[in-house]
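Every chain is named by a letter (A, B, C and D) in the order it is written, and numbering of its residues begins at 1.
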Amino acid sequence: GDNGDGGGGDGEASGEELNITFLPKNLGNPYFETSNAGGEEAVEEFGGTYSEVGPQEATPDGQVEYINTAAQQGEDALVLSANDPSAICGALNEARDVDVAVVTFDSDTDAECRDLFVNQATAEGIASAQVQLVAEQIDEEGEIAILSASANATNQNLWIELMEEEIAADYPDIEIVDTVYGDDDDQRSFDQTAALLQTHSDLDAIVSPTTVGIAAAARYISDSDYAGEVAVTGLGTPNQMREYVEDGTVEAFALWNPEDLGYLSAWAANALASGEIEGEEGDTFEAGRLGEYTVGADGEVVLGEPFVFNSENIGDFDF
Amino acid sequence: MTAATRAQTRASHGAAERSGDEARTYAAYHRPWWFRTFISAEFLIIALLVLVWIIATTSVDNFSGPLTVRYLLMDIAPLMMIALPMTLVIITGQIDLSVASTMGLSTVVVGILHVQMGLSIPLSGLLAILVGVLCGVFNGFLVAYVKLPSLAVTIGTLALYRGIAVGLLGTTALTDFDQGWSDLATSSIGESRIPAIMIPVVILILIFAVLLHFTPFGRGLYDIGHNEQAARFSGVNVARSQMTTFILTGAVSAAAGIFYTLRFGNSRGDNATGLELEVIAAVLLGGVLIFGGRGAIHGVLAGALLIGVLSSALRLEGVTVNVINIIIGLLLVISVLTPTLVAGAQRLRERLSGPAAGQDSAPPTSEPPESPDSPAQQNSTPHKTAPHHESAPADSASTPTATP
Amino acid sequence: MTAETLTPAKRENSSMRAVRSLLASRETAIVLVILVIIAVATSFNQSFLFTGQGWRDLLLTPSILMVVAVGSAVVIITRNVDLSVGSTLAITAYMTGRLFVDVPGIPIFVVVLLGILVGAGLGLINGALVAFGKVPALVVTLGTMYIYRGAVLTWAGSDRINASDMPGSFLNLGTMQILSIPLLTIVAVLVLIVAGYWLSSTRSGREMYAIGSDPEAAKLYGLPTTKRVIIAFILGGALAGLAGVMYAARYGTVSSSAGMGWEFDAIGAAVIGGVAIFGGSGTVWGAAFGAILLMTINRTLPIVGIPDFWQRAVVGALIIGAIVLDRYLSVRRHRKLQEARDKA
Amino acid sequence: MSLSDSTPVLELAGVRKTFGSVTALADGSITVYPGSIHALVGENGAGKSTLIKIVAGLHRRDRGTFRFRGADAAFNSTAEAKNAGIAVIYQEPTLFPDLSVTENIFMGRQPRSRGGRIDKHAMQQEAAEIFDRLGVNLDLNRPADGLSIADQQIIEIAKAISLDAHLLIMDEPTAALSGVEVERLFAVARSLRDEGRGIVFISHRFDEIFSLCDTITVMRDGSYVATTPTAETSNDELVTMMVGREVADLYPKTPAELGEVVLEVEELSSAGTFSDVSFTVRAGEIVGLAGLVGAGRSEIVRAVFGVDSYDSGTVKLNGRPVPKGQPSVAIRAGMALVPEDRRQQGLVVDASLARNIGAAIRRRLSRFGLITTSAENRAAGPWASQLEVKTSALSMNAATMSGGNQQKVAIAKWLATEPSLLIIDEPTRGIDVGTKAEVHRLLSQLAGEGMAILMISSELPEVMGMADRILVVGEGRISAELDRDEATAEKVMHAATARHEKNRQEAAA
């Protein structure tokens, strides 16, 4: 580890051992709990020190403090999901200046402020998986609304944009009537669902490309008069959604395996911090049980295709 | 010829006429200088700060690293800035809970003017400060002239200003700020580790220290906090002074908002949510009495720094924000509780040492059961507070103060 | 100077007086405002009121804040304030989930009881610090707000309770309706009725007002001020604790940030409802109606086409409006009395 | 009704109470028998209120004997005293402004019906009965907030009566009452006496004492002086016992040469407090404002000084108009006001001596807008020494000083502004006899140096001894103007109560 003149941190003391910090969008988010568990698993495999820090609220300024702390501590690598593409750039670059390897996953920053971005799936793939899910569930016609995380979440915004394009092109009878933001906060997402249903009485489906949102929407609808009337789909974790899939509120939803995402990100960080790769296009690295990955354009590494969960297969998963 | 010398001549005159005694002279202070310096609430918090700093330097990895001072100061710069005018407000016995909301509004205003409308940073900053001043005027008007309780008013404007900020931008964030200015906000002074923001912060500190401790205006603020009525009888313009303090908090909060915006390159309605409580915690930790009338700038700075150092050190130790919250909360409660505990212990000791007087059959010659200058007794004189007036003056007397 | 000419109709017919004071009361005014808002919202969107779901949400949404606001109102009436209720709510909400996870099969009523008890305990800490420590409530509860929130953050970490962690029978309570009235609303109304009756019709209740009206005079009267202040805080805590359990049932997911900012909403509701911030006057009914007003406005804004981002601004404007109105009314009353006395 | 063979209901002997450095009560003694109305008299600050606060459980005595109904007593709270059967009407009404008149009477012991519910009907009825007995007509449901001092005092009385106590203590209950109300109160007091209760009555009005009370205890400077049956004493004898010396010695005003008109007040009016007030004060002159407590004298001078606003009229100082509502301007124009309540208005008691003395001249003490503690110390020292303030250092808080010394500081603070007009409200209220004489000497000396002085005092001998000219205020109007030579106690009292009499006649008609 090369932690600058950090005053004898434990990185140096233990020689080869790498310090890797995971910084999710916010704490208490089950999605990141799962991905971070994957990260921890990987760090244990290659023998580093894993730590997890994060803000309470999913805001960029909250993340900056932790990025600064990581720089102070002379961590070897920082693995984070960005709350804002540019707001945290300055802090990230300062961290990189003191030789902290920066890997983003799940939600990217501008390409020039990180070394690698581990993408869960291509944005097109994610968007189109969700469009197909909702189209199937409402027979390709009707009003749908989108319940997103915060209005400036990079990944969500990109997916929403792509979904809008795809619907406009391929599904003329589907109309997106509203896009609202639950800020990845339960209560707010829950209340937003209620407001959506109140405001748009002819709504046929809610698509929520965020795990907190989809769970809140499903929970609201499951015991309301809208159960069975309004479809809910989007991106969710099996454990959170199990109940609603079983009671029929939710037919199917999609997600990649967040545990694998964290796992891959940790390996990528390892490869960077140990000097194995530079993060250039074409670099390849080993990612434990997932096999070998190649860095694509703009320093992007893609995990794979999203996976669709439904009542038949949900019992096979526990995360 | 000053008033004082004239008084002196008259004094000697009068004394000579009356009794021929020599005119009495008075010592300036009844306590030696070391007592005044070291036995004070402010010194206590400074000592605690130094202690925590030493412990952190010696036992927290990386605390002595090159980046710590820089990030620490940048983190608490808004806190320090707003704590200054907040000190003035609390010394007059009022409170301003709307500062963080004003700050949030200011970042939104800067964002809209600069990013969306293309105005330059200085111009949008100036307009944001103007908005902050307006926020302060609104608070100040309701408190000082309409005579509404500041607690209720600023709980209202806490929601109102935040609501306008969030309303204007929704949850979108504007992030496209002029890079030059953003770099300036996060730059350091020359080659040092001190962030450049400390230059305006130090200037503000000096201004507020002089304003509070060395001007008639500052003296008036203490008077208002101790006893608003007496202040008015002395010719202090109570309403105008209060108005001024609220305008100052508004303006400085807005300025802190500009720094915040540039540092994080981020204009969002919910920026700095909850900072008001941290500011108030810093001010109270620094020895300012919530009822008004007591406190000093150096104590408040120590309070703010203490919060900053604790947070920084604990974060480096991998302790998350929750434990930091608990520690700040405990410090706050203990700091306000200490005088009562000390007085209670004293009373207990006196009660134990004297015979149990004041029971059913108090012997006529028994010793005083209570300390003769126990403030609690003086306080029990029946006196009627005006209905709209806070219980502050009455209660403050019951909190034994640790003034040297 | 005597009062003869001032009040010619001394012993006015009591039922007439009741009607008149009802019409003039703050509570009536707020109910009217709420009704107007509901009418406006319904005219924009029929389903606001006339569907089962609309009706249920109308009643359900304000219920939890109502319970917290009732507790806060009692504390404010004694000339204190409790900033820690949001954190208390978070603790008991998370505890509720934890109990179901860690003690499988625990009876629901035990969980409810524990929620109330823990809330009361946290309130007792506040009350004891305020009453015995002679420390202003604002500072104490600011401190305990940090401490309680920190405690639940430490306890929960990044853990969160999901709907599937809690038994369906418990979650059903969150949405269950009895004769089309949601159970949580019934709980809130019961709390309100009991607290309202206690404050208006018992000695200890009236003493709350006396203490808030003039603490010094209360001491001269020989009222047990310390005890009463502690009771107020215990009650405020217990109701926040109950609200935490209700929160878990209603929202199904609980994380450590539950109830963030509720302390200001609860105080805001009380102030809007006519509870004077420095104690002595106002009713829990007013506070409860204030809570309903706040939550109903929140839901109405999007319906009438105002982005709900403006919701906090409206809340703030309402609070300011309410205290300015109170001030205006009291000045006017004083002037009238003054004039009446001059004429005498 | 024989006094000697029954046990006294209240017995105090050698009771002492100090507040910090102030000895409020040095040797408090009184013995009250059932079926007796016992007057407690003494000058302001003699310790009467302190004595009864000890009986009421509000203060704890430092030493001395306290027996209630034959048993040793020491109440730790007012609740204990109340439960034992002691009802107290305090000097200042202590009501809950937000609560109704009825509730104020019964707070903490409301009649209850089953289930602990307050029986509001019974409560109303009981309150109505008490008010009938007192012969007053008050809206029972209105809040106490905004009631006149008189009405507030009546509620206090009703409260005490409803307690049905063995001992009823009334600390200046009549100070704000009109003649009719006083008569009613006396009737009630006599009937309570006839029921065998003990009553302690404190008043500064001798006529009331002589018509109501059967025994009189006199106090002076915190100590017991004498107890005598009313029948065996006289007005003059009481005064001598209270004051302890010949009255004339105390007021050494030396005639001074009158100069220009300094203060000129024309047709000053303020709704509800005073109307059509016009007067002048000349350099070297002491003008006294006399009148009953509550007549509005303090309000007049507060308006003149600018602390309160007024509706119409003009104030001129040295020929130039003084804008209303701006004390800072009045101070700069040369006006000074030593207010009546030094703890609440005159001083910031939690601030140091130096800060207090410098408080009104801060602008003058600052250089380039900056003020330092040493500048304040330099300015304060000479004034403190001129007034012989007894304290150890300039940094001592005013709160640590005795009342008399606080008053000196308050005066010093205003003399430091070098005013051309000094307004001084109750200059010697609650300060000891020695200091009193010093203050009088000082005022006289200042007038001699050409200062114009406007003095308010409720002590008739003080006004008559000190003032060159006396303005009598009754119900917010100047009802008489008397020169030093023509002023007699009778004339002043007559003018002060003139409108009271008129009211009483109107009310009777």
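Rule of thumb we're sticking to: a contact is a pair of C-beta atoms (placed from the backbone, for glycine too) under 8 Å apart; a residue touches a chain by one contact, two chains touch by 3 or more.
Going by UniProt, the chains are B = Autoinducer 2 import system permease protein LsrD; C = Autoinducer 2 import system permease protein LsrC; D = Rhamnose transport system ATP-binding protein.
Nothing here was measured: the structure is a model prediction, and the numbers come from that model.
> Enumerate, in label order, the chains that touch chain B and chain D alike.
Both-contact set = C.
> Which chains are in contact with both chain A and chain B?
C
> Can you compute the centre-to-centre distance for chain A and chain D, using the mean CA position of each chain? Integer Å is fine.
Here the centre of chain D sits 75 Å away from the centre of chain A.
> Using the average of all C-alpha atoms in each chain as its centre, how far is it in Å between chain C and chain D?
Roughly 43 Å separates the two chain centres.
> Per the centroid of Cα atoms for each chain, what is the distance between chain A and chain C, given in Å?
38
> Just curious, how far off is chain C from chain B if you go by their C-alpha centres, in Å?
Roughly 30 Å, centre to centre.
> Any chance you could list the residues of chain C touching two or more other chains?
Answer for chain C, listing residues that touch two or more other chains: 153, 213-214, 216-217, 219-220, 256, 280.
> Would you mind listing the residues of chain B that make contact with two or more other chains?
As it turns out, chain B has residues touching two or more other chains at 170-171, 320-321, 380, 382-384, 387.
> When you check chain D against every other chain, which residues touch at least two of them?
58, 90, 94, 97-98, 145
> Got a list of which chains touch which?
Pairwise, the chains that meet the contact rule are A-B, A-C, B-C, B-D, C-D.
> In the complex of these two chains, what residues of chain B are touching chain D?
Going by the criterion above, the answer is residues 2-8, 10-11, 14-15, 17-18, 23-31, 210, 214-216, 219-220, 222-223, 226-227, 229-237, 293-294, 358-362, 364-370, 372-373, 377-378, 380, 382-384, 387, 401, 403.
> Report the residues of chain A in contact with chain B in the complex, numbered from low to high.
That would be residues 5-10, 27, 51, 53, 55-57, 59-61, 64-66, 68-69, 71-74, 84-90, 94, 98, 150-152, 181, 183 of chain A.
> For the complex, give me every residue of chain C touching chain A.
For chain C paired with chain A, touching residues are 45-48, 51-54, 56-57, 61, 153, 156-160, 162-164, 171-172, 174-175, 251-258, 298-299, 302-303, 308.
> Which bits of chain C are touching chain B when the two form their complex?
Counting only chain C, the residues touching chain B are 79, 81, 83, 129, 132-136, 138-140, 142-147, 149-154, 213-217, 219-220, 256, 264, 267-268, 271, 277-278, 280, 307, 309-317, 319-320, 323-324, 327, 330.
> Which residues of chain C touch chain D once you look at their complex with the stated criterion?
1-4, 6-7, 10-11, 17, 201-203, 206-207, 209-210, 212-214, 216-224, 276, 280-281, 333-334, 337-339, 341-342
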